[in-house]
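Both complexes below contain chain A, partnered by chain B and then by chain C.
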Partner chain A sequence: MSITNDFEYVKPKSLAETLKILVKNKNAMVLAGGTDLVGSLKERTVAPDLVIDIKGLKELKKIEKKGGAIHIGALVTFSELIESKLVGKRMPVLVEISKKVASVGIRNRATFIGNICSAVPCLDSGPVLVAMGGFVHVKSRLRTRKIPAEKWFIHARKTARKPGELVIGASIPLPREKNGACYIKLGRYQGEDLAQASVFVHLSLKNKIPLYQIAFGSVAPVPRRAHRIEKALNGRKLNHELVTEARNLVASVVTPITDIRATREYRLLMCEVMLERALLAAQERLNGRGPAYGVNLI
Partner chain B sequence: MEKSISFLLNGEKRTVEVSPSEGLLGMLRDKIGVKSPKCGCDRGDCGTCSVMIDGRVVRSCLVLAIEVDGAALTTLEGLLENGDLNPLQKAFLNKNAFQCGFCAPGMIMSATELLKRNSQPTRDEIKEGLAGNLCRCTGYTPIIDAVLDLVSEQKKDRKQ
Partner chain C sequence: MSGYKYIGKSTVRVDGKVKISGAAQYIDDLEFGPGLLFAEIVESPHAYARIKKIDCSKALKVEGVVKIVTGKEFPYRFGLYMHDRYIFAQDHVRFVGEQVGAVIARTPEIAKRASKLVRVDYEVLEPVLDVVTALLDNAPLIHPELGKYQHVPWFFPEKNTNIAHFRKVRKGNMNEGFKEADYIFEDTYTVPRYAHCSIETHGAVGLFDHSRRLTVWAASQSPHTQRHLFAEALAPLGIKHKDVRVIAPHVGGGFGGKAGVSMEILAASLATAVQGSPVKVLWSRAQEFYNTYQRQGVVAKMRFGVKNDGTITALEQKLYWDAGAYVEYGANVVNAAGLSATGPYRIPNVYIDSVCVYTNLPPGGPYRGFGYSEFLFGLESHMNEIAKKLKLDPVDFRRKNAICEGDTLNYGGKMNPSGLLECIDKVAKEIEWGKKRVSKDPRKAIGKGFALFWKAPAMPPNAASSAFLKFNEDASLNILVSAMEIGQGFLTVMAQIAGEVLGIPPEKIRVETPDTDRNPYEWQTVASHITWSTGNAVKKAAMDAREQIFDIASRALGKDRNSFYLEDETLKSRTEPEFALSLKNFVINGIMMKDGTFRGGPIIGRGMFMPEFASAISDPQTSQGGKPNVHYTVGASAIEIEIDRETGKITIPKVVLGVDCGKVLNPDLLRGQVTGGMLQGLATVLYEEMRFDSKGKLLNANFTDYKIPTAMDVPDEIVSIFVEHEQPDGPFGARGVGEHTMIPAAPIIANAIEDALGIRIKSMPITAEKIALALKGLDLPQASRAEPPVCFQKTST
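For the complex of A and B:
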């Protein structure tokens, strides 16, 4: 299928120039990896007058540790997250998540930030950002905003970005305490499939008190943080009863639908199974054991 | 509006006029006549259009032609060594790793990147590296065997 919509293309060299172009062109779209945008252009679900390629903005290509958080620039691809020494050492679960995204050929091009900008319900980058209390950083000509991840995702394919704003990156607070995490994605097969359901769990020990951060993906219009489950679990050591308690709360947190990929009932049940496995794996990893990050747990 | 872009294609400099809405796959096949990248699903799911941009495999159906201005592209044609098939291509032949051949260029591009980053991949690592390159003929086993075969051959060579 070819692209029928005619548009202009510009590749600015600086952030200031990009923001100027963005504010002047109401019907412009930003191009980073393009794996979503080019697909949408072909399917005619978008029809911009102007495409702004931001791949010339080298300052957005960085993964950095700044102020106790990992900062992921808007041009960082999933392959770069997988290969980053900083990420592998300080937040290996990000490697686990990135390896679940489509295929190498997509991961070489697709960006973490592009994923949260497309904001489809099945995105892999959402649950971690929401559960860890991450931020999305946006910039316009006049101001800079730091938006909490839970406020970023408004609805399926709808984010808090306003006209004239460019997403320059996202930050995820680095846990200072001993921790373990886990991301499990349910697909019909490995490689290239979208999630039917996904769960992210982060378990840390603050003064020996367990703290749980949990979110689900693909089972609500936006990544859903499981506040209710976290509240029931926090401060309590993980054991068989607690896992059962957590499983019983799943249906009160997620609102899956039936679609071409799975039924609502199947998704609900699998969320319970995956939550159990993720909690147990996170605990084992916290204790320095358990499956290596990236191993398939489903 | 058409724009002139320049890039390296298999080491050779090319300059082409493209419109912003033109895709990379179409430009390579129809404008330049490089036929190894195929149009399968045309939405990034099947891997038959795989080419390398600056040493990284990408889905050329999801890249605009205009994006490769200044880049170095490699297609299957660029993998030949002195006009002969390279060891990976020979391994594919030896193992009968394709029947209709439609997926083979993409498979070989993906396997090339995998071996560049990991010269001793396990069967599981090969599966992960080739996931997203679909084959409807072989059932994948001979493809994975071909890569494994090459890996063990090269290991033997190094020992000698």
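For the complex of A and C:
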């Protein structure tokens, strides 16, 4: 299938130039990995007048540790996250998440930031960002904004980005103490799939007191942080009763729908099952045991 | 054991190098120069509507648009077994995506842009989207002219209904059979529609030159049948068969989808609208899903009569097929399944209705398995349920009733040689039937499933194959045939057959894809009949060449031709061990006599095969008489699965398939067929399914939501077991096997799930979701499909 709409293409050399072009062209779209954009262009679901290719902005291709957080630049691909030593050491669950995204070929091009900009309900990058209290960093000609992840996702395919703004990266606070995390994604088979539902769990000890950070994907228009479940669990040690309590709260947190990928009933049921497995795996990992990051738990 | 030099050996693919080197050209690789035009199809957005008006004026103004064609230019019907299909929709559209017109332009982009500007006014009609509605007395007639359609003599359409074909099989006396039974077991099973999902989509290029010669390059399983259908459909333009040429490059997968004629008719007819310019039609992945053939859905209602000891006394099986908007090919799936819907069992009293029902969904058609996968899901699931209720072992119960050589078939003929019992025993042993394994993981349940299968080629009784075989100066060979290499390894096996007869190693034999001008006739590459039928033709061509060699040598050398034999590219004599004449010395240039003259000349073999014993003529009320099927290939299959009780997800440690294909000509290629077929079949039961909305639009015309297996979904172990009871009329004893390897996949899974969890799921696919919800006592909304309102006791006409 070919692209039938005409559009201009520009590849700026600097961030300043990019922001200048962006503010002047209301109907422009930004190209990073292109794995979503090119598909949408072919299917004519978008029709920009101008495509701004930001692949020339080397400064956006960095993964850095800055001020107690991991910063992921707008051009960082999922493959680069998987290969990053920093990520592997300090936040291995990001490797686990990245490995669940599509297939190797897509991961070689698709970016983490592109994923949160497309903001489809089934995105894999969303739950970690909202659960960990991450930020999305945007820049326009006149100002820079740091948007909390939970405020970034407004609705399905709708974000807090304003016209003229470019997302330059995202940051995820690094946990200070002992921690374990887990991301489980439900798909229809073993091959690459969009999530029918997903769950992210982060468990850390702060002064030996357990702190839970939990979010679900694909079961609401946006990644849904499970504040209610977190509140019920925080400060309490994980055991069978607590897991049951957490499972029982799932239905009050997520609002799945029935669509071609799954029924509401199955999504609800699987959120419970996945939450249980993710909690247990996170705890095991915190204790230095448990399944290696990336192992299939469903 | 056999004494064969090349037959039964794992000869390396003769088309391997051309494919792995990238030299192989597929339809979209062919170059046609700067004059090539591109067509984009204007498609119906409605499942059923009357076309009021088509306005092309805006689209015609787009720069680069060459021509716009609609049904007005081609008011012709065509079809393989029944002429019920239109090149372009005439007054009505009958499914979402149906071609209403085409924009021909200089580039694909222009064609596509302009196609969106063609304005079609429709009067939208209420579509008929399921067999229940289609069979109601007051159902809208999808084809009011059905009674006038030309069709093959073995179809029985019922005019003024939506029944395009009604196959009735009546053997013995059903009522007596049920009286004899101690128990009667009744149930209903449903199977949805499926897509072939060839990696290469359909594509064709047509060129109607200024001498009025029509050439079509097509990704094809059926070059000669396409030539015939093009010539038939376009006869009003004065086109004869001799004027039509179909060239078939390499094909990226067929599975039945590229058989017959579907979108290729567009390239053929559009070419005549832009004489002198080649025009290309290339399907997108979405079009590949909604406007080629689909595997038909079926609702199967069955009733078994069984004695206490497990003897089956009667079977009533009613199959209602959702055949879609046009059934020119799909009705024969209905026919074939009807004739064989007992499965491989000896059942004395049989009553089968196989009903082909028009609906406003895309046209049904051939798909690997040709109806057998569909009815065997229900039948083999039901066999297990019967065994369970009678407290019989499901394998013993099957074995007791398994059909054997000489048993009477549903239409009265006799069963061919068969190693079914041997397959059952070997497969049961391999899967360690009866031995229960318990998972270390308490969340996992383990189960085993078993099923039998059979299938006969479904084809006209006079479906023929032919072959030319040409020797070259170095005694290498070119074989010209018109069957297609669609991954099965056909080209390699033909080289093995000719090589065996002529003493030539297969690597010295070239077999390629056809051009109907140069290559002799072949009906189609379908029905698992090519190795058997074309193999026979190639064998005869090789024997013809061999006889010519013997004749020439005997005439030139004055030796007894009966003493000759061929070995190692050399003519040898049984009576003179020292005599050896290298073939390369004379197969082109002949043998020189003492006076300097020559005897002989280029050796060209010719072979033809048609099953002269076959007949499709039988009593329409009973199907008795005739011999519609040339042979059945039978086998057994078993699986072990692990199910996660919480998620419903299945993993497969081991699957086994045992088949009697008469004679294994190439073990490696056959193992490839078992692996590929089994994966394809497992996907149909585990996750594939075409989903339509309430207006008849396909919701998952993409691989995002129509899942086919990846390497990660392959069972841990796939074991092939080959049993050989030779087919007397097959080349070296071979019979068909290509489709069979996917047929038992659905019931072995369904039976293994029942074994593991005690739940019987009666509708495909059996997804993880369906299992998990069933375990919770929840029914999946989309799984509960309506059943046809046909009373079982009512004996229809």
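Heads up, the rule we're going with is that the second predicted complex is superposed on the first by the 298 of 298 C-alpha atoms of A that agree within 3 Å, B and C clash if a C-alpha of one lies under 4 Å from a C-alpha of the other, contacts with A are read in each partner's own complex, and residues count from 1 in each chain.
Going forward, a contact is a pair of C-beta atoms (placed from the backbone, for glycine too) under 8 Å apart; a residue touches a chain by one contact, two chains touch by 3 or more.
Remember, predicted model here, so these are calculated numbers, not experimental data.
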What is the contact status of A:Asn108 with respect to chain B (first) and chain C (second): first, second, both, or neither? first
Quick one: chain B or chain C, who's touching more of chain A? B
Tell me which partner A:Ser79 touches in the superposition: chain B (first), chain C (second), both or neither. first
Return first, second, both or neither, reflecting whether A:Val51 touches chain B, chain C, both chains, or no partner chain. first
Have a look at where A:Val38 lands relative to chain B and chain C in the superposition and call it first, second, both or neither. first
Touching partner for A:Ile3 - first (chain B), second (chain C), both, neither: both
Which parts of chain A are touched by chain B and by chain C alike? 1-4, 190-192
In the complex of these two chains, what residues of chain B are touching chain A? 1, 3, 19-23, 26, 42-45, 47, 50, 56-59, 61-64, 66-67, 69, 110, 113-114, 127-129, 131-133
Chain B touches which residues of chain A in the complex? 1-9, 11, 31, 34-35, 38-39, 41-43, 51, 53, 55, 79, 99, 102-106, 108-109, 190-192
Contacting residues of chain A [partner chain C, same complex]: 1-4, 186, 188-194, 258, 260-263, 265-266, 269-270, 273, 298
Within the complex, chain A is touched by chain C residues 108-109, 112-113, 284-285, 644, 646-647, 649, 686-687, 691, 699-700, 704-705, 707, 709-713, 767-769, 772-773, 776, 778, 780-781
